[in-house]
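Common to both upcoming complexes is chain A, partnered first by chain B, then by chain C.
Then we have the complex of A and B:
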C-alpha cells in the first residue's frame, strides 16, 4: 500500500510525459494547437507559482511579463527580422528588467497591498501597450509575427513548433524545479511560513523575495516569447488584468506550491475554455462552477486534493510536492 | 510516401466524384461564423448572428442548391481566442467559407492567419481602414465598410450644407475612433471647416464630465464618436451639461446606432450622423427587411444585422457563380470578389479594386416617430468608395489616420 502511495505521483508524471511526447502526432491539428497553447500557459502558471505558491506573494500583474516577452518578439521579428535566439534573449531580459524595476516598488508591501501594487504596475504595461502607438501599434496590435527562424531545424509546421514549445516547457520546468529544491527555494518557503523567523535566523528576506520576483518575471517573459510566436500576433489584450487573473486561477486550480499543479491547472483551463465553448455559449457558467468548486472543496487545488486522497488511502506522509 | 498516398487518394476521390450523379456527392456548404457571444459585446454578436440566421431561414438553409450548415464560434471579442476559434473552424470543422468578427484588432490578428490557412473570409463588420488599403489580405473579402468611409462625405456635408465652420471632436481613443475622426477632419477642413479641438476618451468611458467641461464653447458644433456603453451614456450627459441647446451634436454612425437608440430618450433627438445603413431607409427592400426582422427578433435591426444578413446573400451569389463548387477555393474566392448586390437592404453594394464595398452613405438625423427613435435619412451620397473622390494612389500615399494625423492645425 505504501509503495502505491509513493509511486502514484511518479506514475502520473510519467503518464503525462508520455502523453505530451507521443500523442501529438495523432491528434487533430486543432487539438495540437490547444496543447501548444496549454504548454505556454503552463509555463506562465509555473513561473507565477514561484511567487504565489513558494514565496506566498499573490501577484496580479503577471501578464505584464507575458506582454514584455511577447512584444519583444513582435517588434524584433516584424521590424528588424530578428532570429529566434535574439528575440528569446531580449524577451527574457526585458521581462527580467521589468520585474527588477517593479520588484523595487512592489516588495515594499505585503498581503493585499502587494496585490494592489502589482495590479497597478501590470496596468502600466497595459497602458504602454495601448498608448505608445509608435512602438506597439496600439490596440491594433502587431500582426504577421513569423514562426521562429535561425534554429537548426524547421519549425514552421504545427507539429515541430509544438515540440519546440514542449522543449521550452521542459527547460522552464527543470530550471524552476532546481530553484525550488535549492537552499534558495527552501528559504523562500521559509519566508512564506514566517518572515520574522527567517529574519531572526539571519536571512536577508527582502533580497530573497526580490530575486524570486525577478526569476518569476523572467519566466513570464520566456513564456511570452512563445506566446507571440504561437499566435503570430501581439496585442494589448495579452497584458490585460483578465490575463493576470487567469494565470492566478490556473495556479490556484492546479494547486499552488507544487509546480506540477499550476501546469495541470493551465491545461484544464485552456481545454475547458476552448472545448466547452464549442458546445455551449454558457461555458463561462461552467468555468465559474469549477472555480467555486475548487475554492470550496479543494482549496489546495487538484494536486492538493489528490494528495489528500492518497494520504487518506495510505495513511502515509508524503512530501508536499510530487516528483516529476 | 505520405504524399504519394494522398495524391492517389485524391485521384480516386475525383474519379468517384465524377462517376456519381451531380449533387449527390456533396455534403452541406459549411460556413464558419465568428462573433462575440459572451463579454461586453455579446449583444452585438447577437445582432450579427441574427442577421445571418434570418437570411438562411428565408432561403430554406440552402445555398446554390446545397444545404448550409453554420457553425458559430464565440470570439469573446479577444484576438487570441478568435485566432484559436478560426483554426478550429478551418481544421476541425473544415468550413468552406468564414465570416464575421468584431473589433479592428481582431481583424488585424485574423487576416494573416486567414491567408495562411487559405480559406476565404468575409469581413462584414471589422472596418479598420488598412485591411483594404495599406495592408490588404489575399483571402479576406471585406463586404462591410472602412471606418473613415462614411465620414469623408459627412465632413463635406457638415461644412457645405450645414455650414458649420468650427467643430470640436470628442472620440473614443482607439483606431476606430482615430479613423472616423481623421476621415471627417480631412474633408471638413478641405471644404473650409476647422477642427478647433480634439478630445480623446479611453475605450469604455462612461463618465464624460471631465471631457464635456473642456469643450470650447465658441465652436459651432461637436462631432462625437461613441461605441457601445459610451454611446448609451454620452447623449444624456451632453444634454445635462447644457451643451445640447448650444452646440448641435454630430456623430459617427455608431454614436446613434439602431443598437443604442431604444435605450436613449429625447436627449438623442436631432443628432446627425453618417453610416452605410439606416433602419429608417425608405426602400421596399429595407422596409421588408425591418418588418421581418422585428417580427422575428422583436427589435429593430442594427447595421450589424444588415451587413450579416447581406453576407448570407453574398455567399449565395458567389456559390451560385461557381455552380456550388465551393471546394475550389481559388475560384470561390474570385467569385466572392465579383459579387454585386444591387438591392441589399442598405442599397447597392459592389467591391472596388482594393476589395472594399462601393456603397451609399446616408446622412441621418435622429427623429422621434410614434414614440420610437429613428435615424431618418436626410441625404444620400450614392456609390461612395473608401477613397471617396480621391485617386486611390494619391490617397494611399498619406499615412493611415491616427491620433495625430491629420494634425490639429487650428487647436
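Then we have the complex of A and C:
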C-alpha cells in the first residue's frame, strides 16, 4: 500500500501519456478535436501557472498573449503566406515582446493592484484587436487560417495535426518543467513565499519576476499560435477578459504550482464546456457553478485534493496496528 | 475640428462619464474597504436594467423602475457578500473566480428569464427630446443622467466628509484593523457599502437602459470600463472615481471620434501610462 501512495503520481502521469499517445487513432473525430483543443489550453494554463502558481502573481490579462500569438499566425498566414516556422517564431516573439513591455508597468505592483493592472494591459490588446480594423479585421476576425505549411509532413488532417499539437505540448512542458526545477524556478517559489526574505538574501527579486513574466507571456504566445491553427480563425474574443479569467480557473481548478494541475484543469474545462453544451443550453450556469465550487470545495485544485487523499492513505499505513 | 464638434464631444463625454460614475462610485469604495475584486458588478448593472424593465412592463412609471431595481439588486448583493465574499477577504484569486462564477450564473439566468432579445427602457415624456441651444442639440435624457450623477456625487461627498457615518467609512477604508480596534462596526459598514455599490450600479443600468438598451452581454461589456475607471482614479477615493469617470468618458468619446481605429487603445494606453507612474491610481488611498 505504501508503494501505491508513493508511486501513484508517477503512475497517473504514465497513464495520461499512454492515453494521449495511443488512444487518438481510435476515438471519434469530435473527441479528437476536443483533445487537440484541450492540449492548446493546457499549454496556455501551464504558462500562467509559472506566474500564478510558482511566482504567486495572479494575472487577469494572460489572454493577451494568446491573442498576440494567434493574431501573428492569422495575419502572417492569410496575408503573407507565411510558413509554420515563421509564424511560430513571430508569434512567440511578439508575445514575449508584449510581456516585456507590460511587465515593466505591471511589476510595479503586487496583489490586487497587479490583478487590476494586468487586466488593464490585457484590455489594451483587446482594444487593438477590436478596433484596429485595418490590421486585425476587428469584430469580423481573421478567417481562413490554413493548417501549418512548411513542415516535413502534411498536417492538414485532424490526426497528424493532433500529434503536432501533442509534440508542441511536450516541448512546452519540458521547457517549463526545466525552468521550474532550475535554481531560477526555485527562486521564484521563494519570492512567492516571501519577497522580503529573498531580498534580504540578496536575490534580485524584480529581475526574477520580470524574466518569469516574459517567459509566461512567451508560453502564452506559443499556445496562441496553435490556437489559431486549430480554429482556422482568430477573433478579439481570444483576448477578452472572460478568456483571461477562464485560464485562471483552469490553473486554480487543476491545482496551481504543479504544472500538471493546470494542464489537467484545462482538459476538464474544455471537456466540460464542449460536452455539457451538447446536453443542455444551460452550460454557462454550470460553468459558473464550477467556478464557485472550485473555490469553495477545492481551493488547492484537483491535484491538491489528490495529494491530500494520498497523504491521508499514507498516514493510515503508519498508524500502529491494534494489539491482538 | 469645429467648436461644434468639440462641444458635442465634450457633452457626450461628460454624460458618459456621469453614467460611469454611477457605475463606479460604489465600486471604488468597495475596493478601498474590502479589496474585493467583484466581477459581478457588471451583472448588477444589467440585472438592474432588466428588473426595471419588468416592473415598467407592468405599467409602473420610470421612477418606480429605478427603485425596484435598487431594492432587488441590494438584496442580491448583500446575499452574495454574506454567503461568499465575506469569507474570501484577502484571497484575490478566490474573489475573482467566485464573483466570475456568479456573473456567469446571472448571465444565464438573464437569458432564461428575459431571453436573448435586446430591449430599451421607455423614457418618460418629460425626459425625451432635446434642448436646442443655438446650433447645438442637447438630449434632455443625457442632461438628466448628468443631473442624477451630480446628485449622487454630492450626497456621497456630504455623507463621507460631513457625517459621522462617513468618517467611519473613511476610517474603514484607510485601516480596517484600527477601525475595528476603535469600536467601529466594520462588518456592518462593509456590508452597507457593498450594498450601496450594488445599488448605484443597478441605477446606472436602469439609466443606461434608456439610451444604450438592456441586452445580454452588457454586463461583460461594461466591466472593463468599470475597472479601468477605478484603477485610474485610484481605489478608495470618491474624488478618484469622479476624475476617473471624467477621464475615461472624455478619452473614450474623443478617441472614438478622432481615431476610430485606435479608440480602445487611446483609452487603455493612457491608463497604462498613468499606472506606470502611479500604480495606485491618481487619487488612490490604499
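To be clear about the criterion, the second predicted complex is superposed on the first by the 315 of 324 C-alpha atoms of A that agree within 3 Å, B and C clash if a C-alpha of one lies under 4 Å from a C-alpha of the other, contacts with A are read in each partner's own complex, and residues count from 1 in each chain.
We adopt the following convention: a residue touches a chain if its C-beta (ideal position, glycine included) is under 8 Å from a C-beta of that chain, and two chains touch if they have at least 3 such contacts.
Bear in mind that the values here come from a model prediction, so they are computed numbers and not experimental data.
S.K.: What does the overlay on chain A give for chain B and chain C, a clash or a fit?
M.R.: Superposition check on chain A flags a clash between chain B and chain C.
S.K.: So in the superposed three-chain picture, is A:232 touching just chain B, just chain C, both, or none of them (first/second/both/neither)?
M.R.: first
S.K.: With both complexes superposed on chain A, which partner does A:29 reach: first (chain B), second (chain C), both or neither?
M.R.: Only chain B; A:29 stays clear of chain C.
S.K.: Does chain B (first) or chain C (second) touch A:258, or do both, or does neither?
M.R.: It touches nothing on chain B or chain C.
S.K.: With the two complexes superposed on chain A, say which partner A:55 touches: chain B (first), chain C (second), both, or neither.
M.R.: neither
S.K.: When the two structures are overlaid on chain A, which partner does A:133 contact: first (chain B), second (chain C), both, or neither?
M.R.: A:133 sits against chain B and chain C alike.
S.K.: Among the partners chain B and chain C, which is in contact with a greater number of residues of chain A?
M.R.: C
S.K.: So in the superposed three-chain picture, is A:78 touching just chain B, just chain C, both, or none of them (first/second/both/neither)?
M.R.: Touch partners of A:78: none, neither chain B nor chain C.
S.K.: Is A:123 contacted by the first partner chain B, the second partner chain C, both or neither?
M.R.: second
S.K.: Figure out whether A:284 sits in contact with chain B (first) or chain C (second), or with both, or with neither.
M.R.: Touch status of A:284: both partners.
S.K.: After superposing on chain A, check 114-122, 168-176, 258-266 or 276-284 and name the one in chain C that bumps into chain B.
M.R.: 114-122
S.K.: Can you pull the chain A residues that chain B and chain C both touch?
M.R.: 130, 133, 284
S.K.: Could you list, by residue number, the parts of chain A that touch chain C in their complex?
M.R.: 52, 58, 60, 104-105, 108-109, 111-113, 115-117, 119-121, 123-124, 126-128, 130-134, 240-242, 245, 248-249, 252, 282, 284-285, 287-296, 299
S.K.: Could you list, by residue number, the parts of chain C that touch chain A in their complex?
M.R.: Interface residues on chain C, with respect to chain A: 31, 35, 37, 39, 84, 88, 92-94, 96-98, 100-105, 107-109, 111-112, 220, 223-224, 227-228, 230-231, 235, 260-265, 267-269, 271-272, 275-276, 279-280.
S.K.: What does chain B use to touch chain A in their complex?
M.R.: 37-38, 73-74, 78-81, 83-85, 87-88, 91-92, 104-105, 108-109, 111-113, 116, 128, 174-175, 203, 402-403
S.K.: Any idea which chain A residues touch chain B in the complex?
M.R.: 28-30, 33-34, 37, 130, 133, 138-141, 143-144, 231-233, 235, 237-238, 273-274, 277-278, 281, 283-284
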